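This report concerns only the one structure given below.
Naming follows writing order (A, B, C, D, E and F), and every chain is counted from residue 1.
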Amino acid sequence: MYTNEDFDRMATELYSAVLSDAMDALGYRDQAMRHDLRPVIPEAVIVGRALTVLSVDIYEVLDNPYEKEMESTDALQPGDVLVASTNRSTRNGYWGELLSTAAQARGARGAIVDGLIRDVRKIQEIGFPVFAVGYKPVDSQGRGVVVDYNCPVHCGDVLVNPGDLIFADYDGVVVIPQRIADDAIARAFEKVHKENLTRDELLKGAYLKDVYAKYGIL
Amino acid sequence: MYTNEDFDRMATELYSAVLSDAMDALGYRDQAMRHDLRPVIPEAVIVGRALTVLSVDIYEVLDNPYEKEMESTDALQPGDVLVASTNRSTRNGYWGELLSTAAQARGARGAIVDGLIRDVRKIQEIGFPVFAVGYKPVDSQGRGVVVDYNCPVHCGDVLVNPGDLIFADYDGVVVIPQRIADDAIARAFEKVHKENLTRDELLKGAYLKDVYAKYGIL
Amino acid sequence: MYTNEDFDRMATELYSAVLSDAMDALGYRDQAMRHDLRPVIPEAVIVGRALTVLSVDIYEVLDNPYEKEMESTDALQPGDVLVASTNRSTRNGYWGELLSTAAQARGARGAIVDGLIRDVRKIQEIGFPVFAVGYKPVDSQGRGVVVDYNCPVHCGDVLVNPGDLIFADYDGVVVIPQRIADDAIARAFEKVHKENLTRDELLKGAYLKDVYAKYGIL
Amino acid sequence: MYTNEDFDRMATELYSAVLSDAMDALGYRDQAMRHDLRPVIPEAVIVGRALTVLSVDIYEVLDNPYEKEMESTDALQPGDVLVASTNRSTRNGYWGELLSTAAQARGARGAIVDGLIRDVRKIQEIGFPVFAVGYKPVDSQGRGVVVDYNCPVHCGDVLVNPGDLIFADYDGVVVIPQRIADDAIARAFEKVHKENLTRDELLKGAYLKDVYAKYGIL
Amino acid sequence: MYTNEDFDRMATELYSAVLSDAMDALGYRDQAMRHDLRPVIPEAVIVGRALTVLSVDIYEVLDNPYEKEMESTDALQPGDVLVASTNRSTRNGYWGELLSTAAQARGARGAIVDGLIRDVRKIQEIGFPVFAVGYKPVDSQGRGVVVDYNCPVHCGDVLVNPGDLIFADYDGVVVIPQRIADDAIARAFEKVHKENLTRDELLKGAYLKDVYAKYGIL
Amino acid sequence: MYTNEDFDRMATELYSAVLSDAMDALGYRDQAMRHDLRPVIPEAVIVGRALTVLSVDIYEVLDNPYEKEMESTDALQPGDVLVASTNRSTRNGYWGELLSTAAQARGARGAIVDGLIRDVRKIQEIGFPVFAVGYKPVDSQGRGVVVDYNCPVHCGDVLVNPGDLIFADYDGVVVIPQRIADDAIARAFEKVHKENLTRDELLKGAYLKDVYAKYGIL
């Protein structure tokens, strides 16, 4: 099990592209989320364990509208990343400042929301990294409700199971299934080294054809 | 009737999300525009009265291609916000630098365009706040024509009547129908206060469940 | 044939909108690419000759996955702009840091990719200007393959022939067919002058109607 | 409260277009569902009271996968029309032959599904009228689950409350809110008469301009 | 100028695919409309001269809501085909039974509507051939208005000028610009003959490679 | 290896829905194609082995435009089903009458085209079953080209390998990977029996809850 220090080291030395390549090599080729999930804080890198949430659209104000939304956010542990599926809702503003503040207080490392969020300026101010499809200034009350958490969800068209590793940076979000995490991460650290050699030769003006023949990396 | 000073105070103390919540409480739940209308100037806050314009796609260069486009822009008064519907055209560049310069000279507080615009760098330079769906470097001549203004329009999937209040910030654009404006604004000022109390407790590490039980705000 | 100095001067004094207007006047009215091709480096202006590439989606890892992708990039000459069509693929990450480094070393002035790219932060660091539809941290191996280059392609819904002039700035990307390039550029330089006169009068508070009557420019 | 005989008479003498016009006249102008809900049996006319169901996408096989789907179908009464929202799911096959057989046995007059269905040939054979967005041969188990019924839902982009009147024919589906049903139906019967007069004159070759001036109907 | 007898002969002996091929050979390669325009009467073949109409979405009920819609329909002459662009509206039901009845009485040969229509069953009964994107039981009043007719329009993504030849059958709709009509039609009659020879050999079991080598037709 | 007689028996006794359920039970849950692939002949049932083809969009007329399209069609064997991916092209008409005639002569059992086709009426006449996304009367020359065949393709969003079993009926198209075909087919035959028992009880008026408790089938 990874510690926060492990996650910090990965955030510094790895990047989503090299993890995607490592998973390709292991035969896991559909682990990158849809490209319309973008970071609220451009320089953010999120690494952590998925706590998944499933929210769905509704059309009435329920008696207890935030029950499981609060419960799932209160359940976050240090090292967790909240991964919320709204089934691509464009009506609901699933996440906002107060939930970010609460998640940050719990030690969460970020949130990935396959849907819309609000209070974006304030989320940027408190520095809680969130990836989302877009922004809409509406509350979830009467628009969406959390029906379950810590269940399998589709987020950005990738299946995410609770406990999967999440790595998100400016290029996008990748999901590393728990059972291949050690292997994928080891390969990623290796590949970073080879890419540096390739880059150095290209910077000196070498042709791609020759450099690729030498290192087998592109 | 609101003055420019009223609009300035709202721009400083309120935000689109709290106005959306205030309208929810009054039963007006579909007042936030589609999330793909984004600001050209990220820090812009637009507050003012809607002057609406309806532009439609055409396929020939008319004799007088800009007639009503100029007329409607020349009709802007201090405190006005131009709200233009192009019926989601992706062929036409409805708005640009010269129109922004003219609108600013008339005292307009901004423009909301449900369509594409051009001259974006220059609009940023003169500091005229515009929200639009995207950018395209084409002129409207032979692509679109204004058929009416100060008429009801759909902009970002919300019905806007002339004189409605527009509030736009980084989270998006809300439309406040004239008849509920006073009530909605009063409630928004109230809610801002309660949110501050909630935020303070969450920052101290309180659980959402407990804070929500205390203030009833999320 | 234009030199790099010609391209530099165009990049400084012209912009995509005035070139679009010049082509409108010549009857070429569909030369602006779809608005979802956006710059990786916001202040970038790309001017140069198109070297076109056609990539298509595949579903297996080929023996020689990068052959023509490397060949086409190695073929870039000073003054060239790589224009890549992926037929709007959202699975493939066509372009990345190493290809940018190689293209820059060859003297290419930029790349226009109708598809997704990766290594965006590093591309920004080396300062190679790219326009793309979005970002995804995946490699092209097993996802896409270059089938031809220096052939006609559709990029951003505009037909691009090898050797066409490309002009891309914050407003978008325009394609200037070779046979009208001299004429379009001459007209663009002229129109820049007239717009300055119009702007000056509007800044003094003149009405659009009057200024348009005087200069015939909007 | 309408009887099955009332519904039969409406089905014979009225049609969706004249009910839409009657609601327009009462100021209810957004009561026609999205045009992609199409009938499985082309000649079907469905008239009845809405029993609403809300299904949402899930990504695991639940212990009791069909619980509320069966409960809501077993709850159908004679005169009812099942109105199911899946929030536009394209993964799930919400409805099929066995549910149609059960609904028909309960006396239901039809089903409107904002989503996909299966067993279409068999549904046609038993003659149970269904409107749906499309067909997919998959079961709902592990793809969708009913979270509530007899609640407000959006179906085909129209809000439907339990008990609202549904009228569906080859032109599409309209929703008549309970509180205006009597008024709308009375107006519809009236308008049918006037349209007959207009049609007769047009068939004799009269110009639209003249016939419209005479009857005020188009 | 073609007579109704010419149009009848073309309808019997030609088809949209062979006309598309004939226009390809003349360098006109974008003359087939988008594939979502489908016939209300499956066996219908429409051949005639385009009378174009431009309708746009509005959001209020005008004083004279049908003025130009009636005027343009009353202007139809024998041999005409009404070609209506709604700029892809999904809110408006542009066309219906009474307009079909009026158009048929004027001698029109059919209608092509890039948008939605209503009264489909009755249109089928009177046998007036219409192609449309879909069906919605709503009136145009307060939803759309005709702003011009006999002007250039985009219909199904193809530019149509008044007087262009329209050919529509089960495969789709092609637009034959007036200036190439004679040439395109002559080539189409020729190609029909060659295809018959190719088909005969394939029916006897010949391989495509050999038959294509012989006739150069596929 | 299945014979044509095996395929005929499956076509008579099985259906796509029961095969989908059988694959669900084996953990293969994404084997049904996108719902917009629809049959040209409504009553058609296609069962056979996939011969896959990959076509891509191009923008010039090649010297030998039909080379691999003819080669792949000429390669069809009795029992084969042509499965063509065009990467969702809406410009190209991939398939038509002459190819259908040739495929039928080779003993092919049908074609599944993830794209557009033409000559639909004639294909219906010769009775060759095809599933496609839509119809467009254009030739593939200058619009698309076959780059490979008997390679893995995505068709209707499902991965298809050469030799996979295809089952297509009015509900849609399912792909049965070769390695699970025997198991899936055996389970499907079994499930057909249980569904008959369930249906019989429902027809007698039993409640879903009780019948499901008894047979565990819905």
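By definition in this document, contacts are C-beta pairs under 8 Å (C-beta built on N, C-alpha and C of every residue); 3 or more make two chains touch, one makes a residue touch a chain.
What you see is a predicted model; the values in this text were computed from it and never measured.
**Q** Which chain has its C-alpha centre farthest away from the C-alpha centre of subunit A?
**A** E
**Q** Same residues or different residues: which describes how subunit A and subunit B meet, taking over half shared numbers as same?
**A** Different, since under half the interface numbering is common to both chains.
**Q** What whole-Å value do you get for the distance between subunit C and subunit D if each is reduced to the mean of its CA atoms?
**A** So the centroids are 49 Å from each other.
**Q** Hey, how far is the Cα centre of subunit A from the one of subunit C, in Å?
**A** Spacing between the chain centres: roughly 31 Å.
**Q** Need the CA-centroid distance for the pair subunit B / subunit E, whole Å please.
**A** It comes to 40 Å between the two C-alpha centres.
**Q** Specify, in ascending order, the residues of subunit F that touch 2 or more different other chains.
**A** There are none in subunit F.
**Q** Graph of touching chains, which shape: line, ring, star, complete, other?
**A** Graph shape here is other: it fits none of the named patterns.
**Q** So which chains end up touching which?
**A** A-B, A-C, A-D, B-C, B-E, C-F, D-E, D-F, E-F
**Q** Touching residues of subunit E toward subunit B in the complex: what are they?
**A** Within the complex, subunit E touches subunit B at residues 54, 56-60, 87, 89, 147-148, 151-154, 159.
**Q** Report the residues of subunit E in contact with subunit D in the complex, numbered from low to high.
**A** So the residues of subunit E in touch with subunit D come to 66, 69-71, 73-74, 90, 93, 96-99, 101-102, 105, 116, 118-121, 133-139, 141-143.
**Q** Can you name the residues of subunit F that touch subunit D in the complex?
**A** Touch residues, subunit F against subunit D: 15-17, 19-21, 24, 29, 32, 34-36, 169-172, 174, 195, 198-199, 202-203, 205-209, 212, 217-218.
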